[in-house]
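Take a look at the structures below.
One chain, chain A, links the two complexes that follow: it is found with chain B in the first and with chain C in the second.
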Partner chain A sequence: MNKGRTPAMTPWIFLIPFLLTFAVFTLYPLTQSFVLSFQQTFGPRSTVPVGFENFRYLFTDPLFWIALKNTVIFTLCSLFVQLPLSLGLALLLNRPELKGRSLFRLIFFAPSLVGLVFVGMIFSLIFEKRTGLLNVALHAIAPAFPLEFPWLQNYVMPALVIAALWLYVGFNMIYFLAALQTVPDELVDAAGIDGAGPWDRFVHVTLPHILPVAGFVVLLSILGSLQLFELPFVLLGGSGPENRGLTLVMYLYNTGFVTGDLGYASAIGWVLALILAGVTIGQRALSRKGEE
Partner chain B sequence: MKKSNTALLFLYPLLVFFSILTLVPFAWMICAAFKGNADFFNSLFLPQGDGFLGIAWHRLTFANFTKLFGELGMLRATMNSVFLASTTALLGTLGGAMGGYALAKFEFRGRKWMTRLVLAAMIIPGPLLMAPGYQMMYHLGLLDTYAGMLLPTIAPAFGIFLFRQSILNSVPMELIEAARIDGAGEVRIFATMVLPIIRPMIGAFLMITFLGTWNNFIGPQILFQSPEKFPLSVAINSLKGVYGQDYGMLMAGTLVSIAPILVLFLLLQKEFIAGLTAGSVKG
Partner chain C sequence: MFEWLRNFSLGVWAIVVLAVVSSIFIFTRPEPSSNAHAFWLFARPHLQAYEPLIAKWNGEQPEMQIKPLLLSLPAMERRLFSGFMAGTPMADLFEITQIVTARLISGPVEDIGLRDLTDLLTSEGLSDTINPPSFSPWMLRGRIYGLPHDVHPVLLAYRSDLVEEAGIDVTEIETWEDFVRVMGPLKRLDGKSAEDRYLLNIWQTNTEVLQVLLLQAGGGFFDANLRPVLDSEVNAMVIATIATWCTGPNRIAIDAPELSASGNALKMRGQVVATIMPDWLAGVWKNDMPGLSGKLKLMPLPAWTKGGRRTSVMGGTMLGFNRDVPDKVFKQQWEFAKFLYRSPEIAAEMFRRSTIIPPDRNLWKLPVFDEADPYFSDQPVGRLFIEQAPNVPLRVSSPFFNAAIEHSGQALLRLVEYANANDVHTIEGLLPKSRELLDGAQQQLMRDMQRNVFMREDE
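Our next item is the complex of A and B:
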C-alpha cells in the first residue's frame, strides 16, 4: 500500500454533489431552454415547434420593448443615482477619527438584509394614497398637499428607484468602504502637502486606487438591475399602470407562468442572457484597458 | 488637526440625517404593526394620547399578530422559511466546501476544466433557467415539494468558488500530506483538519446562503402551489392580494419576516460583512 498518495478517484468523490446537481439542475435545463425557445407551449405538457417564430415575434412585441425600456431606465438610475450616493456615504464614513462610525455603518447597511419582497411591501404602503407615510408627512408639512395623491399611479419609476435606493445604497457602500480602507493614508496626505485640493486628491489618488472594486460594484449593480423582478412585482402588485413597472424578468414570468408559454418565456430568457453577457464582456474589456 | 474637526462638525448632521431617512421606514413599519386600522389612519407613528411621552400606549395592540398566527397560518410559513433557509445553508455549505477542497488541494486530470466549469456555472443567469426548470420539475414530479426547492442548492458554484479561494489561502498542503502519511482517511482529513481551519468562511457562507434563501421569492413562488408550503416571502405577497386593505396586519407580517434576519445580523455582524465582501476579492 503506497501511503501518502491519494487514489485518483478522491477529488471526483468530493465533486459528486456539484457534478450531479450541475448536470440535472443547470446543464439539462440550459439545453432545454434552447430547445424550448423554438417551441410554443401551453403549460409544461403540450409543445408545438415554431422555428424562429418566438424570436421574430419578440422584436415586434410592444410589451417586450416596454419591458426593455423600463429595465434599462431603472438600470441607468441605479448607476447614476444609487452608486454615487453609495460612494458618497462611504467617503463620509471613511474617517478613522469619526465617532460612532460602526453604528452609522450598521444603520446604513441594515436595509440590505431586507428581502426585495418585504421592501416592496413596506414601500407599497409608504406610497399608499390617503394613509401612506409619504402623503401623511407631506400633508403635515404643507397642508395644501392632498392626502389622496396616488404616487404609485403617477410616479412608477421614481417610486421603484427610491425603494431600491433604500435597499441598496448601504449595500454598495460596504464595498466602497472596504476599498477605501486599502488606500494608503500617506499617499493622500502626500498629495495634500503637494497642494492638491480635496477634489484633486479624490480624482488622482483615491479613485484610481478603488477603481477595480468600483468596476466590480458597477458590474454587479448593472447585472442585478437588469434582472429586477420582485420589487415592482410586489410594490405595484404586478406591472403597474400602463405596464410602466413591467421589467424583462417580470415579462418572462408573466409569459411563462401566467400565460403558460414556456417557449416564448425561454426566448425572452435568451435575449436577457445575451444582454447580460454583453455587459459583462464590455466591463471586462474596459477594466482591462484601464489596467494598461 | 483643527481643520478636520470643523469638517466633522458638518459631517455629523449629514450622517444623522441619512440615518433618520434609513430608519424611518423601519420605525413606521414597527409602529404600524402594533396599531389597529383606525389608528393606522389617524396617526403617523404612534397614536397620541395622555400616556407616557404623550402617546396612547393602551391603544397599541397585538391583534394583528394574533390574527396572523391564529387564523392565517403564519406560524406554518415561518417554520417553512426556517426549514428551507437552514437546510439550504447547511447543504450548500457542505457541498461548496467539498467541491472547493477538491479543486484547491488535489492534482488530477481535468482540474482546470472543472474550475472553468464552476466559473461558467456562476455566470448563468437564473431567469434563463426558470421556464425549463419548471418544466423539468414537472416531469420529475418535484413541483410543490420541498425536495424540488432543496435539491438544486446542494452544491452551489459560487460556494465552491469561495471555498476554493479560502482553502488555497489558508490550508497548508504539508498538513494534509502529513495526515495522509499517518494513515488518516480522506474524509477524516477533510472533516477534522480542513473544515476547522476554514471556519470563518463556513460561518460567512452559512449566513449569506441563509439570508438569500430566506429572502428568495421567485423560486418558491414558481415551485409551490399549496399555501401550507409557502415560505414567508410568498405567504406575505399572497396575503397582500387578499387582505390588501389591512395595513396593520400586512406590516405585522412583514415585521415577523424581517425581524429574525435583523437579529441574526446584529449577533453575527462581522461574519456577515466578511461573507458579502469575500466575493469581490479576486484570487
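Our next item is the complex of A and C:
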C-alpha cells in the first residue's frame, strides 16, 4: 500500500456532492435563464426565440429605468446615510467610559434579529394614514400635522430608507465595532500625545485600520441594496403608487411571476447580474488602490 | 472491524440518526392513492362549505376520491405554472381567480393547459342556467375554460344609523351625482381630522374600486377583441369624477382599505358613510366588524346616468380542469364539479358562511337568500345581490390585465396630482387632462402588447 499518497480520484469523490448540487441547482438554472433571456414566453407553455429583442426593449422600457433609479437612490442612501450612522454608533459604543454599552449594543443590534418581512409589516402599520403610529404621534405633538400625511404614497423612498435604517444601522454597527476593537490603543494614545485632536486621530489612525472592514461593509451594503425586494414588497404591498417603490428585483419578479414573461425577466436578471459584477469588480479595484 | 465508529463524535451520530430516520420516513410514506384527485383551493370558507359534501362524495365514489388542499393563492399560482411549464405534480381540479386565469389562458390556444369546457357547458344546458355574465372572465376567443363559482355583484353599503339620524331618504339617490348631493349633510370636516367623516370609501390608489366603477359606467380596459380601450371617453369621465371625489374642498372620499385593521377602525368609528360592496365583502365585514351589526344597509350602486346600471362586479373564482387528464377521468371530475357547484346545500352553506351567491340561476330560488340578515338591519341580503346579478357587466380576460390596471391607476394618480397642483376640482375642468393621461396609458399598454410576438401573430 502507498501510505502518504492520495489516490488521484479521492479529491473528486469529496467534490462530487458539491459539484452535483452546484450543477443541478446553480449551473443548470443559470444556463437555462441565459437561454430564456433570448426567448419570449407567453403563458406557461409557449416560447419563441427573439434574439436580442428582450435586451433591446429593456433599455427603452420606462419601468426598467424607474426601477433602476429607485434602486440606485436606495443604494446611495444606504451608503451615505446608513453606513455613516452605523460607524457613528460604533464609535460611540466603543467608548470604554460609556456605561451600559453592552446593553446599548444589544438594543441597536436587536432590530436585525427581526425578519425583513416583519419589519415591512411593522412599518406599514407605523406609516399608515390616520391610524399609523407616526402620523398619530406627530399630530399629537403638532396638531397642524395632517393625520392623512401620505408616507406610503408620496414619500415612498424616505419611508423605505427609514425602515431600512431601523433594520440595518445596528447590524452594520457590529462590523464597525469589531473593526474598531482591532485598533491598537497605544497608537491612538501616541497620536493624542503628539497633539492630534479627536478628528485627526479618527482620520489618520482609526480609519486606516478599519478600512478593509469598511470596504467589506460598503460592498455588502451595495449588493444588498441593489437586490432590495422584500422590504418594499411587504411595506407597499407591491411597487407602490406610480411605481415609486419599484426596484430592479421587484421588476424582475413582477415580469417573471406576475406577468409570466420569463424571457424578459431573465434578461432583467442578467443585466442586474452584470451590474452587481461591475460594482463588485469596481469596489475591489478601488480597495486595492486604497491599500497600495 | 467497526473501530472507526468509535471516532464518531456526538454531532456525527446525531446527523447519522437524523439521516436514517428521515430516510425511513420518506421511503415508508404511503404512495398517494392512484384514484385520488387533487383539488386545490385558496379560500378557506369555500373549503369549509365543501368538506361535508366531499366526504359524502368520497363515501359514495370509492373509485374517485377527492383530496382537497388549501393553498395560498400565490403558492397555488406558482404550483400551477410549474405544473404547466415543467410537468411538476399539480392538481386535477383547481379554483382560481381571474388574474391567474388570464395568465393561464394566454398564448396560443393549443398551448392552454386548461380544458376547454365550451361544448360541454352547451350540451348539458349549463350555459343557459348559469348567469351569462359569470362566464365572461373565463373566456378567451369565444371559448370557456372554467366553471364559474360566483357572480360577485356589487351594492352600496351605507351606515343606516347615521343616514336615518340625519333624516336622509336614500330612495332619492339614483345617480352618483344624487349620492353626493343627498348624502352631503353627513360629511363632517370640522378641522379636527381625527373626527372627520367622508361619504365614500374610495381612493386614487385603489385600482380594484377603479375597475369596478369603470365597468359599471360601461368602460373598462379591453374590448371583446382584446384590444385596449383605456382611452375611451367613458373612462376619462370616470377617472375625472373620482379625482373630484378625492380632492379639493368638495372632497367626499376617504382611504379606508378593506381587509385591514386601520381601514376597519375608520369604518367602526363612523368616519366612512358608504362603501362599494361585493357579496363576498359583506361576509368579510360580518366576520371582521361585528360591532357594525344593525348599523348598515345595502342599496343598489348609484348609476353614472339616470336609468343606468345599478351594479358592477368585483373579484371572481372559477373551477378549472387540467387538460392533460384523460377524457375518462375528466368525465368523473366533471360529475364531481356539478355535484359540488350545483348543490343546494353548498349554495346555502356558502351564502351563510361568506354571503356569496351562486351563478346557477336555479339555485337563486333557495329560501336562504330571502332570510333577513340582522347585520344589515334585517334586509334580505341574498335577494338584494341576486336582483342585481343579471346586470353585472361583462369582463374580458387578457394576459395584459395587470398592465392595464396599472396604467389606468397611474393615470388616476397623476390626475389627482394635477388637480391638487392646479386647484382644479370639477369634472369639466379635469376632463381634458384625464383624456390626455389615459391616452398616454393607452400608448404604454399598446407598447407592452406590441412587444409580444404572440400577440403580433394574433393580429
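The rule is simple: the second predicted complex is superposed on the first by the 273 of 292 C-alpha atoms of A that agree within 3 Å, B and C clash if a C-alpha of one lies under 4 Å from a C-alpha of the other, contacts with A are read in each partner's own complex, and residues count from 1 in each chain.
We adopt the following convention: contacts are C-beta pairs under 8 Å (C-beta built on N, C-alpha and C of every residue); 3 or more make two chains touch, one makes a residue touch a chain.
Just so you know, these numbers come straight off a predicted model, no measurement behind them.
Engineer: Once chain A from each complex is brought into register, does chain C clash with chain B or fit beside it?
Structural biologist: clash
Engineer: Could you say whether A:200 touches chain B, chain C, both of them, or neither, answering first, second, both or neither?
Structural biologist: neither
Engineer: Name the contact category of A:259: first (chain B only), second (chain C only), both, or neither.
Structural biologist: Second partner only, chain C.
Engineer: More residues of chain A are touched by which chain, chain B or chain C?
Structural biologist: Of chain B and chain C, the partner in contact with more residues of chain A is B.
Engineer: For A:125, select first, second, both or neither according to whether it touches chain B, chain C, the two together, or no partner.
Structural biologist: Both chain B and chain C are touched by A:125.
Engineer: Is A:242 touching the first partner chain B, the second partner chain C, both, or neither of them?
Structural biologist: second
Engineer: Should A:42 be classified as contacting the first partner (chain B), the second (chain C), both, or neither?
Structural biologist: After superposing on A, A:42 lies in contact with chain C but is clear of chain B.
Engineer: In the superposed arrangement, which partner chain does A:57 touch: chain B (first), chain C (second), both, or neither?
Structural biologist: It touches chain C, and chain B stays clear.
Engineer: Chain C has the stretches 92-100, 128-136, 236-244 or 254-262; which one runs into chain B?
Structural biologist: 254-262
Engineer: Starting from the residues of chain A touching chain B, keep only those that also touch chain C in the other complex, and list them.
Structural biologist: 44-45, 125, 128, 130-131, 257
Engineer: Which positions of chain A touch chain B when the two form their complex?
Structural biologist: 3-6, 8, 10-15, 17-18, 20-22, 24-26, 28-30, 32-33, 36, 41, 44-45, 89, 92-93, 95, 97-98, 104, 106-111, 113-118, 121-126, 128, 130-131, 133, 136-137, 140, 166, 170-171, 174-175, 178, 212-213, 216-217, 223, 227, 229-230, 233-234, 237, 248-249, 252-253, 256-257, 262-263, 265-266, 269-270, 272-273, 276, 280
Engineer: Hey, which residues of chain B end up touching chain A in the complex?
Structural biologist: 4, 8, 11, 14-15, 18-19, 22-26, 28-29, 32, 40-41, 44, 94-95, 98-99, 101-103, 106, 108-109, 111, 114, 117-118, 121, 123-136, 138-139, 151-155, 157, 160, 177, 180-181, 183, 186, 190, 211, 214-218, 222, 233, 236-237, 240-241, 244, 247, 250-251, 254, 257-258, 261-262, 265, 269, 273, 276-277, 280, 282
Engineer: Within the complex, which stretch of chain A touches chain C?
Structural biologist: Interface residues on chain A, with respect to chain C: 40, 42-46, 48, 50, 53, 57, 62, 125, 128-132, 139, 146-148, 153, 241-243, 257-260.
Engineer: List the residues on chain C that touch chain A in their complex, please.
Structural biologist: So the residues of chain C in touch with chain A come to 77-78, 80-81, 84-85, 103-108, 111-113, 193-194, 204-205, 255, 261-262, 265-266, 399, 402-403, 409-410, 413-414, 444, 451-455.
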